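Notes follow once the structure below has been shown.
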């Protein structure tokens, strides 16, 4: 069985992430979408909120497991018997960061293959940070995120104003 | 009448911004240079100081209006009946960010055209942040900013030392 | 009256070119789409064929003029009293070539403004050369070019096989 | 069974190609390395020579099939029941071309997933054209190609001199 | 005597920095590796710790001097009678930042030449920040830094846990 | 004595090349500007014409030697006892090609250091091919090339018309 890890912050999960996830599902027997806990950045959504949103969104996907992890990605992948790490490639700036990560992960764990997938071009310039920014300014992000996330963003916006 | 919006932080306005503004004036009947209030970054100059510097610098330009705005740029552009958003293109890193912004703005407001202009090559690698950095280290930025801004930077430097 | 020049090889014109043309029409009173005759490359379509295809495609556009030119673009623009040159920006590789051209044109004619416009993201990676390549391999390019061009490509393919 | 296509000119096959092939073998049940016949460029090695070199080099790989194809890659992939197209990602310039190809292939055949893999960093700037160039100048390419290819390059160099 | 300045944060010094330093030593009679004090970022290691690590690592290098500086790099270079500033070039993102710095430094001090050197490709994607990140997650960074730095990183990790 | 090689096609030599040459002269005791004979491209100027133009242009430079070479650059550099290869860095596209070359040269000759220098920003987008193109269209290239080259370009243009 070929297992792939799809790691990220998912703060929040967007339609671009889902697009990558669906492509990964065509390639692997199981895909573990997993939140990296170690980020030094303060997220908009707590780990629990992010996990819950992902779980709702991927509920109908048979091959997908949702998880969190601490420590090095390569150690986590080893524990999960993963063959591959899945990463979305959008802009050039992504490209360099992703290559750096892939190289470092390879140096730390030679057997692991990093697989880059390209989202639909309508998601080329979409990322979680721009979604948060537009939502913060009360813009309409309904085309960029699943309904569950849309609701959560609106709730955050309301509570921020109080 | 064709109206264009030239948005930014202008913290502070540089000769590179003025170069773009002058090009935009050749294309449009009115250009509104406008400070985006929503930035999460703490600016060097207050909004009032930045507005005042811009006003002094563009005083002799007939077609230019100076303003501030809150919320989404596309909503502001609609209120101002603008046809276009003007952006300067310098380095590749700009390019990707600007494309992302242009795409998002288009998705949020289809009628609006983002117009990219290229500054004189002597301003290719100039931006407000490097001006602030050099000024902070007591370097000479007289080639990079208008006289009004130069004075304001020196005043800031003096008060920072006290 | 603000006049813009939209120069290119248009071998053949694609939906991406039309997308840029339509954006330019929002900004200018007249847009001259014009074939550069000087290219050293051997085109797939003759100048007459390319002109004819463009004319059919833009027939309903009131503000658009179709033309050819020899010599330097800046000299042509001066003869046409143009304020601006319009260029589409797609990938990074475009970006550098376009900036080089814009800089050279500016050095040769300071008054002329090069205006970069971004096509719809569905045309981000579309260009005439890939259209010719897919058509040559009998692939379906109906999503990438106007009907007139589609027919011309099929005719070329048939005559190439005889 | 998951089948992947690894297309290219392979003129000649290099250690960088082999590195990508070996990674692909970890992900898929079968990998078809296949020479695209349609290139307009005149190759250094004939199709037969290139096929023979690849066959010798991959002889011990159980999961690998060697082939040639005409026409569109997506049509070939469909005939072969392939799930994925494998491409190596090296430099930024690759990146844009590859993304363009991936996008076009997706538009032509939605089910097919393009998988980008990153070679070992020692092959980051290696490609067939630089190998041919160095070999032509009698430089030592033994680190960049398999022994079979090295011999073929030397033979070509000798016959070119006569 | 040709003197070069190699400035940086060196938080901490990596094998990539040493690779660049050794190349610079082939070109110049003296190379001053120097810590820029002005950074607004909070470092992992104090200035004293960083200086000490560098000193230990370069002890056997006859041509190398270790130093710190305040203020503008160009003023420091002038005081040191330096002919050149040495910078490592790795990824594209580096490239743009470095060019901006080089241009600004040139505008501030015309005589000074910025020399870009390329590290061994095994250090292409290595930088201090990724070393700190991996060390923080208890990953093995022994391939990326000198022994002295490895020990210091482990000590930091232990004290962070208490 | 530190010797550097500055290789190229120099078809023709431009002010951008001279700018790089002058920077190299500050760093090295001798700089050999040398024409690579192996190019497969058909040049505008013969080797003799190119050599003659370079010789006239660098006549007053004491440290500069003018030459041609066949075969691998690294072999030539070894015969000349060179410490370094000098290359100009302009745009991103250069950057990747140059890095590839530098890496290959290093693999072929480990002792040789490739030194990248950045031209004045007014030459950022200047290269021989755009000079030839503008000259061919009777544009004014007097700002881009030395007087000797300007004359030679005009002579070529006249003879092309007969």
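Every chain is named by a letter (A, B, C, D, E and F) in the order it is written, and numbering of its residues begins at 1.
Here is the rule we go by: a residue touches a chain if its C-beta (ideal position, glycine included) is under 8 Å from a C-beta of that chain, and two chains touch if they have at least 3 such contacts.
What you see is a predicted model, and the numbers here were worked out from it, not measured in a lab.
Common partners of chain C and chain E, by the touch rule above, are A, B, D, F.
Two copies of one chain, chain A and chain D, form a contact in which over half of the residue numbers belong to both partners.
Interface equivalence for C-D, evaluated over C-F, A-D or E-F, points to C-F, where over half of the contact pairs coincide by residue number.
Put simply, the chain farthest from chain E by mean CA position is C. Relative to the C-alpha centre of chain D, the farthest chain centre belongs to B. Look at where the CA atoms of chain D average out and do the same for chain E: the two points lie 39 Å apart. Spacing of chain A relative to chain E, judged by their CA centroids, is 34 angstrom. The multi-chain contact residues of chain D, meaning those touching 2 or more other chains, are 92-93, 99, 103, 121, 124-125. All chain pairs in contact, by the document's touch criterion: A-B, A-C, A-D, A-E, B-C, B-E, B-F, C-D, C-F, D-E, D-F, E-F. Contacts from chain D toward chain F in the complex involve residues 91-93, 124-125, 130, 134, 136-140, 143. Listing the residues of chain C that touch chain F in their complex gives 38, 71-72, 74-75, 92-93, 96, 99-100, 103-104, 107-108.
In the complex of the two chains, the chain E residues touching chain F come out as 2, 23, 26-27, 83-84, 89, 92, 95, 99, 102-103, 106, 111, 113-118, 120-121.
Contacts from chain A toward chain C in the complex involve residues 92, 121-122, 124-125.
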